[in-house]
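There's a structure below that I have some questions on.
Chains: A, B and C, in written order; residue numbering restarts at 1 for each.
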Amino acid sequence: MDIGPYVLQLFSGLSRAMVLFLLSAGLSLIFGVMNILNFAHATLWLLSGYITFSIFQFLSDQLGASPWLLLPSIVGATSLMVLIGLALERFLIRRTYERELPEQLLLTFALVLIIGDLIKLIWGVENRRINLGVQPVEMLDTLINPYHFVIVGTGVAVAAGLWFFLHRTRFGKIVRAAVYSRSMVSALGIPIPLIYALVFAAGVGLAGFAGGVFLPLIPMALGVDHDVIVQCFAVVVIGGFGSMLGTFVAAIIVGVVYAFSILFWPDGALAMIFLIVIVVLIWRPWGLFGTELRS
Amino acid sequence: MAAILEVTNLHKHFGGIHVTRDVNFSMDEGEQSAIIGPNGAGKSTLMNLLTGYHRCDAGKVVFEGRDITNRPPHQIARMGISRAFQVSSIFAKMTVAENVRSAVHAQMRQTFNIFGVASRIGGDETGRVLALCGLDGKRDIVAGELAQGDKKRLELAVALAGKPRLLFLDEPTAGMSIDEARGTMELVDQLNRELGLTVLFTEHDMGIVFNHARKLTLLHRGVIVVQGTPAEVRANETAQKVYLGEHQL
Amino acid sequence: MSAPDHRPGLIARLYTSYGLAAPVAVLLFVLFLSAPLLPGKFWIHVSTEILILGLFAMSFNLLYGYMGQISFGHAAFFGIGAYATAMLFVALKAPGGDIGVVQFLLALTVGPPVAAVAALIVGFFCVRLTGIYFAMLSLAFGELLFYIVFSWYSFTKGDDGIQGLLPPPFFQDPVNFYYLTLAIVTVALLVMWRITESPFGYIMRTLRDNQRRAAFLGINVRLHMLANFVIAGSFAGLAGALWGPFSRSVNPGLLGWQESGIAVFMTLIGGAGTFVGPMVGAVIYTFLQAVVKMYTVYWPLTIGTIILLIVLFAPGGVLGIIDKRIKARRGEAAAAAVEKR
């Protein structure tokens, strides 16, 4: 049997999984802590991709082309996204904390439309992609872009870092506590608005980081965010709202199932994902790793 | 008189904690009695078990000779058991009259009627219940905007609209002024006396309990400590120790 | 207004006895009746679109405004209704020729029942959940159905959609088609109004306010939610049935979550708390879209900004704000009258 295509799909699935994880981790944290479902999360990810592209372009023009320029580009774009996240929280999201779920959804959805169109206004309709010019390596009967390893490595590292942050640092523990009981955290004298602002900015920062990291693999295109955000919802639902481990496992399930489904049912690969979501929601509405308490 | 409610060996635990253990008691038709006990004694859990909101882990609940153990709440309600909640949980965005009217429709089995005009069905009964609970003048007020005492009265009205034969009241006078509380309990007495409605209530105020219940059940840590007439319970040493002592009778 | 101040006019009396929905409904109906007076075919087209999408949004509001659950998969029933009608339409059409009037009307009638069956199956699972979980499950079902239609080429023609749904010659005239749509939508909304004012309609409101309490009244919560889900799905199916002949084609996008989003927008722009709110939202949304698109391709940016402003400054939608204003003014007037005495 020729295992080449399968190996290729496995790697592409894992890479996809890492991006979904980086996005869903922020989405899940924001929802867990602030109870806000951020429809614009993937759009911010897309925006970051375009920003990374422009910084990379600018640096290449100034300093001459080199794949290593991607690093400062990602750092720059991520920092910018953190600032954008802080601004969005301060001026828009904060006004809807006391509102009902549909209004919050509407607000973040308005951001999807606005940011999506701003991207079109600034960068035009052309797809953007960075070609690092790396030679594929031959392994297991197929040619693999070594950048897949970079992405998977980065994803695992971020996951580990997040876990360490949430479980081993004081601030992380406060964030986790806020998922379970907001009143308890504010009773401890910790300013909730500050936690909210930082969690939102961190979530957007993670999405921004993912946008930059993914750029050499898949071109950024208008409207991609609409597909990606529903997949992130799928990841968060499957893993369970607020559970980091769940989000990680679910991202791998979604990424890999998608990649293999494409081999057998190209147009319906996403249908498989939604089938899993449906089964999970019927069987365990609180997700594979979530707790029943919050449902 | 025949027993309207028989509870045998009722058992419930959440995780490793037993919230009720071997609860046995029965109520005769037309009886008006109270469950008392300190906070966390399992009073609310007991009501949740009897009305189907929580599943019982063991034991049996029989109402009018029919086994209702672990039936879903809506089936138990249809058999003739109504319940008023401690924290008033009326339909906040609907008016007072709409609240009661929908409860009347549920009692009339009209809830799947999609072409009738709601305001023309069950109007008499709605008016009767509203008058009974002193909410006549507040028909068109949105329920969420009522004063606390009125909310509790509406809570009672919604429960009564179901024409129950057995009524559970969870802290019916909580949050009421002394006058309001007296009015409410007099209404309960009247329903019990004139309609023969069987009433079981929980209450913190021992004055109300001793004045309005003919039988008391004292729960402590999920176990029945003592059962009997108010005088018997007052005289019981264990009862004094676990509960009544704190209340300085 | 020619009515003298001391005697309230028809509109004011309608408001007093039926709330804001009645005068707005009367106003809308008059506007819709006279819409063909607008010059040019373009506005007839826009008006027809408003009616169809308005019906769709109002069917969504049966779930949201009346039952308190937000569905992101409601377009699935709109799309399924559209496809059912489109497929029968193609089957009944004489090859190469026009479809007969009877066959055309027959094709329109299959949309709602087919959508109802789909809603029964999807709803069976969705009504077990509430809140964000209900929203997510409806989204997942909607997307699943979208991808099934999208990828099942032999049955649905996939991405190509079904083209050439030209109505019978008489209804190819935009004004005639418009009045047909107006008649169907009006009847549908009268039926919907009856349902919302029925005992069942008020049971929906109890479920919106407090499901647990409703159960203790003897109401089978899931069964009632399912019934409403099917009713809402049927009306969405009817809107979908009209969409095919209106736009001359159907495509899988009609089932997607962005299409569901349109119903959500219209409902929240107009106001979910009033029966005709979503229709008002449909008027505003579709009309604005038509105007803005004449001048710029940046329609999403425009509507996004409008939605942002509504969420921040006009929660409760346009009708919610108007209602609040009127109530406040009437309250002041009443207070002033009391003071005079």
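Simple rule for what comes next: a residue touches a chain if its C-beta (ideal position, glycine included) is under 8 Å from a C-beta of that chain, and two chains touch if they have at least 3 such contacts.
From a predicted model like this one, the values you see are computed outputs, not experimental measurements.
S.K.: What is the identifier of the chain with the smallest separation between its Cα mean and the overall Cα mean?
M.R.: C
S.K.: Which chain has its C-alpha centre farthest away from the C-alpha centre of chain C?
M.R.: B
S.K.: So, what's the distance in Å between the C-alpha centres of chain C and chain A?
M.R.: 33
S.K.: Would you mind pulling out the distance in Å between where the CA atoms of chain A average out and where those of chain B do?
M.R.: 50
S.K.: If you average the CA atoms of chain B and of chain C, how far apart do the two points sit, in angstrom?
M.R.: Result: the chain centres lie 42 Å from each other.
S.K.: Given the complex with chain B, which residues does chain C contribute to the contact?
M.R.: 194-195, 197-203, 205-206, 208-210, 212-221, 224, 227, 231
S.K.: Enumerate the contact residues on chain B facing chain C in the complex.
M.R.: Checking each residue of chain B against chain C gives 51, 53, 72-75, 77-78, 82-83, 85, 89-94, 98-99, 101-103, 105-107, 110-119, 121, 158, 161-162.
S.K.: Help me check something: in the complex, which residues belonging to chain C touch chain A?
M.R.: Listed in rising order, the residues are 64, 70, 125, 128-129, 131-133, 135-137, 139-141, 143-144, 147-148, 150-151, 153, 158-159, 257-258, 261, 264-265, 268, 272, 298, 300-301, 303-305, 307-308, 310-312, 315.
S.K.: Which residues of chain A touch chain C in the complex?
M.R.: 37, 92, 95-96, 99, 101-103, 105-107, 109-114, 116-118, 120-121, 226, 230, 233-234, 237, 241, 265-268, 270-271, 274-275, 277-278, 281-282, 285, 295
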